[in-house]
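Quick heads-up: structures coming right below.
Each of the two complexes below includes chain A, the first together with chain B, the second together with chain C.
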Partner chain A sequence: MIRPSEVLFGFLDEDAKKEIRRALLKAVALPGYIVPFASREMPIARGWGTGGLQVSLSIITEKDTLKVIDQGCDGSVNAVNIRDFISSVTGVPETEDTTKASIIQTRHRVPEHQLTEGQIIVYQVPYPEVLDSVEPDTARQKEMHANNDYAKLWVLLYEDTSQFGDSRMASGYPVAVNDHYVMDPSPIPKFDIAKLNNSQALHLFGAGREKRIYAIPPYTKVAPLTFNDRPFQVEQFPGKACERCGCRDVFLDEVHLDDGVHYFCSDTFHCDTVLNTRGEGHAA
Partner chain B sequence: MLLELEAVSKIFGASCGACLDLTGEPGAICPDCGSVVAVNRVNLKVAEGEVLGVVGESGSGKSTLLQLIYQDQPVTAGRIFFNGITNQEGKRQDILTLPATHKARLRNRDMSMIYQNPHRGLNFNFSAGGNIAEKILDTNERSYDTIRSRALHFFTKIEMPPTRLDDYPDAFSGGQQQRIQIAKALSSSPRLLLLDEPTTGLDVSVQARILDLIKALQREMGFAMVVVSHDLGVINHLTDLTLVMKSGCLVEYGLTDQILEDPQHPYTQLLVSSKL
Partner chain C sequence: MSYVAIKGGAEAIRRSKRFFQEELASAAGISEDALQHGLRFACDRVMGEGALYSEKLAAEAVRRSGGDLLEAAFYLRAHRSTCQRVGEAPILDSSTARILRRISAAFKDVEGGQILGPSCDYVIRLLKTMRRSGAQNAWPDAAQPIFVPSALNFLREANRVIRLDNTEKSPFDITRFSPLPPYPRSAVMQTMARGETGSLLAFAYTSMRGYGDVHPTIGDLRLATAPLYFTHPFTGKQVQIGEMRLTACETAGSFQRDRRDGKVRLSVGYGFCFGYNETKAIAMSILDLAMSHATFSVGKHNLAANPEMIIHHVDGIASMGFTNHFKLPHYVTFQADLQVFRQAEQHDQAK
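Up next, the complex of A and B:
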């Protein structure tokens, strides 16, 4: 058991934090551009959010309030582990309330509540390089980013549209940031892409295994790659609503049970909020 | 002129500074530093719609010359001008001094290259249509319907059935792969088409059909071509003008008919007598 008194604030030593902050500053200055950093060993296994964790630990201060979600859920084992760890090495308060958190670490979702100025959302990223799917050579990738040459990604879209009528990319859909760098927004659903555009919050992306950091500063244009005669289609749940709170305009999880398919809010805090306000409404 | 090369050179290796003068027709390897002078101060002009052949023995620098024009390789020295590329004062500008994105635009929109090896010219992870689409996307077209119909248009131009547009290059024969390269290359309506041994290694009958196709498309669309070939038959079939290269140097240049019938340079005489 690690107690705050036994370790450095934020677990990482100051040199490590400084290096990550430098990478973050560069990333913020070049929206969507991938910046390398020296990923440290963390007390959780790589591939379990070590990139996001290191980013969070580098920026967190005593004044912060922390929320951690995994696929929208505050209560999942991974989210709880990461939240408890950060809290244990910093002593900062934890919350499930999206509106009260100053730092939100997330895997695969953007919360339904609109993020506001001053909030920072930290994404755990498995595969940071959007061009990996079309170009294995890293030197070529760099050149393509520098020359704003994303024709090969567009070919993927062309092929999917020709063969399936729409893009098959369900998550991690490529987005152009600030009309220049195209980046992988981590495996969030297409449903969440619109939340990145002109967002009031700061979005930071950390890939631990790949040792990469990138960012979307507040109020930045973020647009999915789409043909101008094929509108961007997000996941839809026609006729479906959350069985718990009744919401329709949110991202729903499909849960397969013995008696068939059930639908629930993927964002558990949002679901609880809707239920609670309705409860209060009934009580009044 | 559509294209002008002025004293264009390419040296492979760390040059001693005197390589260009120390090498030439007798040999391309610098006796001082051992660098290879693949292209040695070549001057060249290609007019709009003109078809130029490049012949010469293996290693004489033909492929390198094409790659320098297409910006596949950095040029060691010299200047290249392309019609319409001007500076702010409206004077012609050496394309080698353009910023990378402008260079890419020129290469993507105004030039195309067809390689001997289809693995170089095509991406085997993309369908035939995807490969053609890539070239159209390079021109910044972003309407799916326009891209699709353009890809289909050029796919049928190379006499392929529309039903095969979404098949992958592996599923096509060598000759068909070369046709797909042609469709891809032409889909951006380039002003200059560069061909590096486009039919070498193919069956003679397949070769003849592809050459006829290239010739017909060139007449119809009017682009200029630079065709590299070992095969004087190919040069004779396709080109109006021919240049002969030896050890990186241009040793003879003139009308193709004249060069094949009455070669002046001893090396060309040897080439013509041995290969025709």
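Up next, the complex of A and C:
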């Protein structure tokens, strides 16, 4: 897509980008630490990815290749809308190919393909503050982070585990970053948490409505909060495989149709890749 | 197979947008004058919540959004992000603004008198009595411009009003920095001035009944027009760059012991917004009163006295956007929820 000449590259003015980049640098320097930023109003609504969008627009250059996914899917309506907007104000090429993208903006998933050095993944974040569920006061939250005091969070995990066998936090499960700050990894399933640990890529998190930015730099230890005698349990699909590509070791969408329950890959690019590879195999 | 249903979003979005625009096509026939003047309270509300003083753009936003005022305010906010910050204008004093309407509920007679101006307060709300008039609907200024000080001024001059400490050298700009606790008063006031009318109203209402200890008396409520000045970039002199219609409200609360010298004085709250929106200005003044003078309280139930509660929850653009985002797909998170739910069921059965 070609950017109209009257639109600023990346939509935001340079002052806004500079401020966001400085917040990003601070966030990268303090893995898992939440950095406030002004957060401009965007032409898409608050809560629809304005944080991720501002981060993407502040870091994107003419040389980048952009991928945007929602629920793992490039074709999901909001992903399409955001990708169209970013390319209309930057003119950068788009891709669905996880391996070819230099910037991936995502909501609720980490792609199945392993991310590599030089790639940046930008998360849209609804609730940046992991302590919100146990302590709503901003000043006290800051104090608790500073003191590495996550006792209330541990108590919540304990209470859930004792009553229900496991934490009720299904997505956005709290993780300790670099053995220090505990952060909300955005509402990705527990299945995706392992992909954050020691990742080669840079992970940036933007919460537009809540005006917060945080980051996980490459090769950083990320561990979910778990009790020593309770192994971390991720979502499982025993006996199920994607009905399209046959994959088993991926996160599956459960689809309820007239003829019963079906399972498909949540990551549509990964699904396409597996199908294509198999197609080539047959042709050879 | 419905797998492909989640793809093809681009075409669906394009058509949905067109459908929406076609549904509102007749709004194009409403004249700008009719919107700006005939629907002035809609436009004013949009200017205030959109945090941009432009009658023309507000009218256009009301048209484009089909009268959905939250949506219209959102247009102005998004437009605002494309504007460069020029600088700070000198303080605008609402007590020296040209009056259209000024009332005080605190005193029967006040300096400058009670000026009802245009008001729907005493309109009998019966639809059948509505008459259409072909008369022009712009409100003329009074023959002689009226300037009156705030009806609470004489109390202030007699040092009978609590004056809050001001330690801020210049006002906080919430559009350039995200305020952190302890929140500067200017940041809280700005947040409220851009706040959604209904949200401010609801929180203010909690403090009037049941969950607060504010017993407000409207000391001075005014609709006025104030000149706006700015420092000329070349000459360095202050020049008038325009005028602004505004609503301002000073509300008196109970007397309290002044922290500075221990004497009893009256607590006062202030509310302000762009254009004419009396409900919002009154609600804001009550919230300012509750937050700035939170000595008497009903403990932790005093919602409106907690800046943490107000500052994060009154912005219409944020709360509307977030509430509506629940329309977006949540397949993955709900799938994860269901898995944990099933595990909990199994955990119960195993007991």
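Assume the second predicted complex is superposed on the first by the 281 of 284 C-alpha atoms of A that agree within 3 Å, B and C clash if a C-alpha of one lies under 4 Å from a C-alpha of the other, contacts with A are read in each partner's own complex, and residues count from 1 in each chain.
The rule is simple: contacts are C-beta pairs under 8 Å (C-beta built on N, C-alpha and C of every residue); 3 or more make two chains touch, one makes a residue touch a chain.
Predicted model only: the values in this text are computed from it and were never measured.
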- Fit-or-clash call for chain B and chain C when the two complexes are aligned on chain A: fit
- Is A:Gly118 contacted by the first partner chain B, the second partner chain C, both or neither? neither
- Expressed to the nearest 10°, the angle that the Cα centres of chain B and chain C make at the Cα centre of chain A is 70
- Query: Is A:Gly246 contacted by the first partner chain B, the second partner chain C, both or neither?
  - Reply: neither
- Task: Could you say whether A:Gly279 touches chain B, chain C, both of them, or neither, answering first, second, both or neither?
- Result: neither
- Please work out whether A:Trp154 is in contact with chain B alone, chain C alone, both, or neither, and reply first, second, both or neither. first
- Query: Between chain B (first) and chain C (second), which does A:Trp48 come into contact with in this model arrangement: first, second, both, or neither?
  - Reply: second
- Message: As a test of reading the superposition: which chain, chain B or chain C, is in touch with more residues of chain A?
- Response: C
- Message: Looking at A:Gly91, would you say it contacts chain B, chain C, both, or neither? Reply first, second, both or neither.
- Response: neither
- Task: Determine, under the contact definition given at the top, whether A:Lys211 touches first (chain B), second (chain C), both, or neither.
- Result: second
- Query: Nearest CA pair across chain B and chain C in the overlay: distance in Å?
  - Reply: 9
- Query: Between chain B and chain C, which residues of chain A are contacted by each of them?
  - Reply: none
- Query: Inside the complex, what are the residues of chain C that reach chain A?
  - Reply: 2-3, 6-10, 12-13, 74, 77-78, 80-82, 84-85, 174-178, 180-182, 308, 317-318, 320-325, 328-333, 335-340, 343-344, 346-348
- Note on the structure: Counting only contacts in the complex, chain B reaches chain A at residues 100-101, 104, 123, 125-127, 129-131, 133-134, 137-138, 142-148, 165-166
- Item | Partner chain C, residues of chain A touching it in the complex | 8, 11-13, 15-16, 19, 36-43, 45-48, 50, 70-73, 75-81, 84, 107-109, 126, 136-139, 142, 164-172, 187-191, 209, 211-212, 233, 235-236, 244, 251-255, 257, 264, 266, 268
- Message: If we count contacts the way the header does, which residues on chain A are in touch with chain B in the complex?
- Response: 134, 146-149, 151-152, 154-155, 158-159, 161-163, 227-230
